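Both complexes below contain subunit A, partnered by subunit B and then by subunit C.
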Partner chain A sequence: MLTTPSFEYLLLSPMLIILAAAVIGVLAEAFLDRNHLPVIQLFISVGAILLALIQIYRIKSSSSTSAAIGSVVIDKATIYLQGTILIIGLLALLLISDQEQFVAQASAIPGSREEQESTSKGSIQTEIYPLLSFALAGMMLFTCASDLITLFVALEVFSLPLYLLAGLSRRRRLLSQEAALKYFLLGAYSSAFFLFGAAFLYGISGSVYLVDISSAVSGGYGNDVFVLIGLIFISVGLLFKISAVPFHAWTPDVYQGAPTSVTAFMAAATKVAAFGAILRIFYVVFSPIANQWRPIISVIAIITMVFGSAVAIAQRDVKRMLAYSSIAHAGFILTAVLALNKSGLSAALFYLTTYGLSTLAAFGIITLIRDATGEVTDLNKWAGLGKKSPLIAGSFAFLLLSFAGIPLTSGFIGKFAIFSAAYETGNIAVVVFGVLSSALAAFFYIRVILLMFVAQSQNDSISIAIPSVKSRIAIGATTAATVILGLFPSLLLNITQSFSIFIK
Partner chain B sequence: MNPYVPILAIGAIGFGFAVFSVAIAFITGPKRYNRAKADAYECGIEPSPSAAGGGRFPVKYFLTAMLFIVFDIEIVFLYPWAVTFDQLGLFGLVEMILFIATVFVAYTYVWRRGGLEWD
Partner chain C sequence: MNIANYLYLSALLFTIGSIGVVLRRNSIVVFMCIELMLNAANLAFVTFSRINGNLDGQVVAFFTMVVAACEVVVGLAIIVTIFRSRRSASVDDASLLNR
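So, the complex of A and B:
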């Protein structure tokens, strides 16, 4: 006899609201007048995110393992991560709604007459709003999924819209389409690894629920080779999403090819979601056999930090440089996963939030630096930007300093918290490499700052676009957050400390 | 009886059927060789050197295949629901209506945006 499953709809409501908004968005695409769609879609998406944030606030002290028959765990960390994803989504949405970066008609051949016609007609693909909502909902589910099937479905729900969004850049269409294809093929490949690992874990524990796998791991199967195979393969799938070396190869190409506002969303929100799942899996399921995987993840963290920082030096393109910087940052956050204690979790949550906001701001600023053919991402052309617009160049310089982890920025506090958490657990080698690669990274960040302020301008073709009100809000808010959280980190540190709890 | 015996039997029958079909076609079938035999598929669109109309394949085939998947997935869930309908009761009915409504959103989108127009 089957019993009717019960759901705690209040706890699931933030995700349900975003999913409903996505479905309503698709319906709006089908039935409403195309002239009014951009406004309507923006309204639906923003409204849903605000509603979901209100719901997050209402359930902020709840916790439950049975919100959706054991497939979803709502705990403090989940609520924090979902809130972060929603805020990043809201700010990214403001950047994305400046649709000028997006292709007029995605199906037209690049450079064809059909494309020119649709561009001059001013048509736009408003499907980006429902796609973004689907991605957001998938990310939120990814942070709270507590069985392997839900985890996989969430992974696909947030990945598929991102593959599509990456291919919608208006300028440099071929580069953008190449990015989308690469991202899709490699993403599908990594999903297969994830499923392979999930099959092994199911095989050993006889259950897809993380709680059962966890008790199988701690109850005698811990050294079983199948557990380790499952652990390794699942990790490959997850490490791909956070672009840890050696699973990083897609990152520079996709970050460069995608429309910059989509890159901003991808870089910030995907990291939060994927690290949410990684933290949960390693903290909840695999912590009893930490001795088995710690050496592997330590090596991955070290090569990710060093490789990301070293290769960024050679980049001549701002977006590629930030892509390698995001690889290095993934290594820093992995250090917090290794710590396996409450301060590590709290540090990771803090780092994810501040890094996400700074990244949004940095990519937001890149959208403003333009010449006749669109955005200028060639670093050489950025020379002398400080004279043209001290405010924009100054903000960008400040964000770079935050990425580098210079004191008085939020990046410094995040790095400090992560390295001290890792030091507590005696992971000295990782901390040493972390600090060294931070110093290495500071070199290329400061080189860009010197380029903007000291170097002589080669040409006068670049200009600073006047940002729209929406972009101004997004860039302003995220830059301000980087400043404020650098000066008064306890504002957020207190929150992350009280929200760094995983339950099984 | 050992539960693996029927599985082995099914495997053996399947293998035997495949071998039998290939063998009987090989023995009795006529053998006429022509260029089409060397293609990856003996029917459908010429895959190389380039498709008709400037190297693009019509998206119509792809859309039809995608729509098939939409309804395919629907039936995957409808069938178990039908079997347990009396046990799940009203809850199952409401959930299924919601599920089918969501599936039809995808269908409506394709229909309204012209995905079903063949020409």
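So, the complex of A and C:
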């Protein structure tokens, strides 16, 4: 007698809703009137995210965890990460829908008459909404995938839309297209490494499920060389996504070239999703052989922190500077992965949320600083911004202080939680380098703050765009979260502690 | 025939692919090298499927083909747009961002 496998649609419903919204969005592109599309698409995407958040709330204390015949594990940590990704997606969507920074017609050659015509007609490439929904669904699936097939498919489902979104900037088309090309080629390169590693893990265990791979790894049967090949190649694929050194080369270019609101989404949400998968793989699969990979990952974490902080000092472009700072932050979160205990996991979850929200706010503010040609990202032109708009410059300064980890900001609490978790496990070297590179990082953040408030402005060409309601909500909410979580961290720390459970 | 030879072949193909990505200059060729790497992984999956005596590896190979096809759609779209705006598909020419 064949029994129907249980699929657990309720547990999968947040992802299914977002995927359905993406598919409906593609259909709407084909059949509905172009003039109403921007509003309809925004409505579909926001509605789906809100529905999915409600579903997340409903399943948050569900007792069953395994869904889709064991391919997906919806445990506490997954629910937390999915909720975070959805909230970041919602706020990023408000930024994306607000700005006129997307190309009117992506296929038109830059500078051609065709492009000018479509721009003057005011048409807009509304495909960004379904693409964003696909990316969101892929990210959510990536945090809960518990077999190699689902993991690989989810990786591609969230990467492919991001490659396209990176190339859709309205201004500086060539830079944007170049960013898309670089992101695509390097991203595909790293996913090939991921797949090759996955093949060897399947080889030693004879199963694609992470549980079986874990027991094969800890049992020590099979081939140790194959385990190491699998471990190294899979790690390369994942470390690329979080932009750890030496797999970071794409980050500054893509962050600079992509439309700023897409960069905001990419910087915040990709990190959460990729770290979700890294945490699961290292906590669930590779924790039995921690002695073998801990030294390598420790070195990578140290290099990433120091390199990101050191190179950021030399940057003359705000977006590039934040890209290098995001590299340094990836190193900090890797430190939490190394801890391999509950406090490390909880610290990582807290850090991912606070870092994601602050990053979103920082890139959101960058979209407001403009001159006649569009956004101004050259740091020299930011001189004297504090006098022009104390509120905007003040918020940006506060966010930079949070990135630096100054007390009373959420960044401080996150760093403190991570370093104390690493210290507990006796990883003193990593903690020392972490604190040193935080100090190094503080140097260039404070340099930017001085530039905004003390330096004399050289030209008056830059202006601060009046943010619309949607931008105000996004930037305001994320900045407020940075303040509130800095003053009352226990609000979120209690949640991350009760949600820091991975189930095999 | 020793089944391990298929693994050596797969490793060889993967190495050729990854060296090609680093050395070749035309983005289409770089992309083909990436496809070669994916196919090397596929070969490894199918070989392991034979060694382990179950079909999971072959299923993965099918999924990989589908994903690779999607990647071609996105990748060629990006490369063609770049070619149309610069009249060149060389990855060396696309270097505005490093300054």
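Operating definition for what follows: the second predicted complex is superposed on the first by the 493 of 504 C-alpha atoms of A that agree within 3 Å, B and C clash if a C-alpha of one lies under 4 Å from a C-alpha of the other, contacts with A are read in each partner's own complex, and residues count from 1 in each chain.
Simple rule for what comes next: a residue touches a chain if its C-beta (ideal position, glycine included) is under 8 Å from a C-beta of that chain, and two chains touch if they have at least 3 such contacts.
Remember, predicted model here, so these are calculated numbers, not experimental data.
Participant: Let me test your reading of the model: by the given contact rule, A:164 touches which partner, first (subunit B), second (subunit C), both or neither?
Facilitator: Second partner only, subunit C.
Participant: In the overlaid three-chain picture, which partner chain does A:4 touch, first (subunit B) or second (subunit C), both, or neither?
Facilitator: It touches subunit B, and subunit C stays clear.
Participant: Counting only touches as set out at the top, which of subunit B and subunit C does A:31 meet: first, second, both, neither?
Facilitator: first
Participant: Between subunit B and subunit C, whom does A:203 touch in the aligned arrangement: first, second, both, or neither?
Facilitator: So A:203 only meets subunit C here.
Participant: If you stack the two complexes on chain A, which partner ends up touching A:219: first (subunit B), second (subunit C), both, or neither?
Facilitator: Touch status of A:219: no partner.
Participant: In the superposed arrangement, does A:109 touch subunit B (first), subunit C (second), both or neither?
Facilitator: It touches subunit B and subunit C both.
Participant: Is A:184 touching the first partner subunit B, the second partner subunit C, both, or neither of them?
Facilitator: second
Participant: Count the residues of subunit A touched by subunit B and by subunit C, then name the partner with the higher count.
Facilitator: C
Participant: Pick one for A:407: touches subunit B only (first), subunit C only (second), both, or neither.
Facilitator: Neither subunit B nor subunit C is touched by A:407.
Participant: Which partner does A:23 reach: the first (subunit B), the second (subunit C), both, or neither?
Facilitator: first
Participant: Enumerate the residues of subunit A that count as touching subunit B in its complex and touching subunit C in the other.
Facilitator: 107, 109
Participant: Enumerate the contact residues on subunit B facing subunit A in the complex.
Facilitator: Residue list for subunit B touching subunit A: 54, 56, 59, 84, 87-89, 91-92, 102, 105-106, 108-109, 111-113.
Participant: Quick check: in the complex, which residue numbers of subunit A touch subunit C?
Facilitator: These residues of subunit A touch subunit C: 106-107, 109-110, 148-149, 152-153, 156, 160, 163-164, 167, 173-175, 177-182, 184-185, 188-189, 192-193, 195-196, 198-200, 202-203, 206-208, 252-253, 256-257.
Participant: Taking the complex as given, what residues does subunit C use to touch subunit A?
Facilitator: 10, 14, 17-18, 21, 27, 30-31, 34, 37-38, 40-41, 44-45, 47-49, 51-54, 56-57, 59-60, 63-64, 67, 70-71, 74-75, 77-79, 81-82, 84-86, 91, 94-98
Participant: In the complex of these two chains, what residues of subunit A are touching subunit B?
Facilitator: Listed in rising order, the residues of subunit A that touch subunit B are 1-2, 4-5, 23, 26-27, 29-31, 107, 109.
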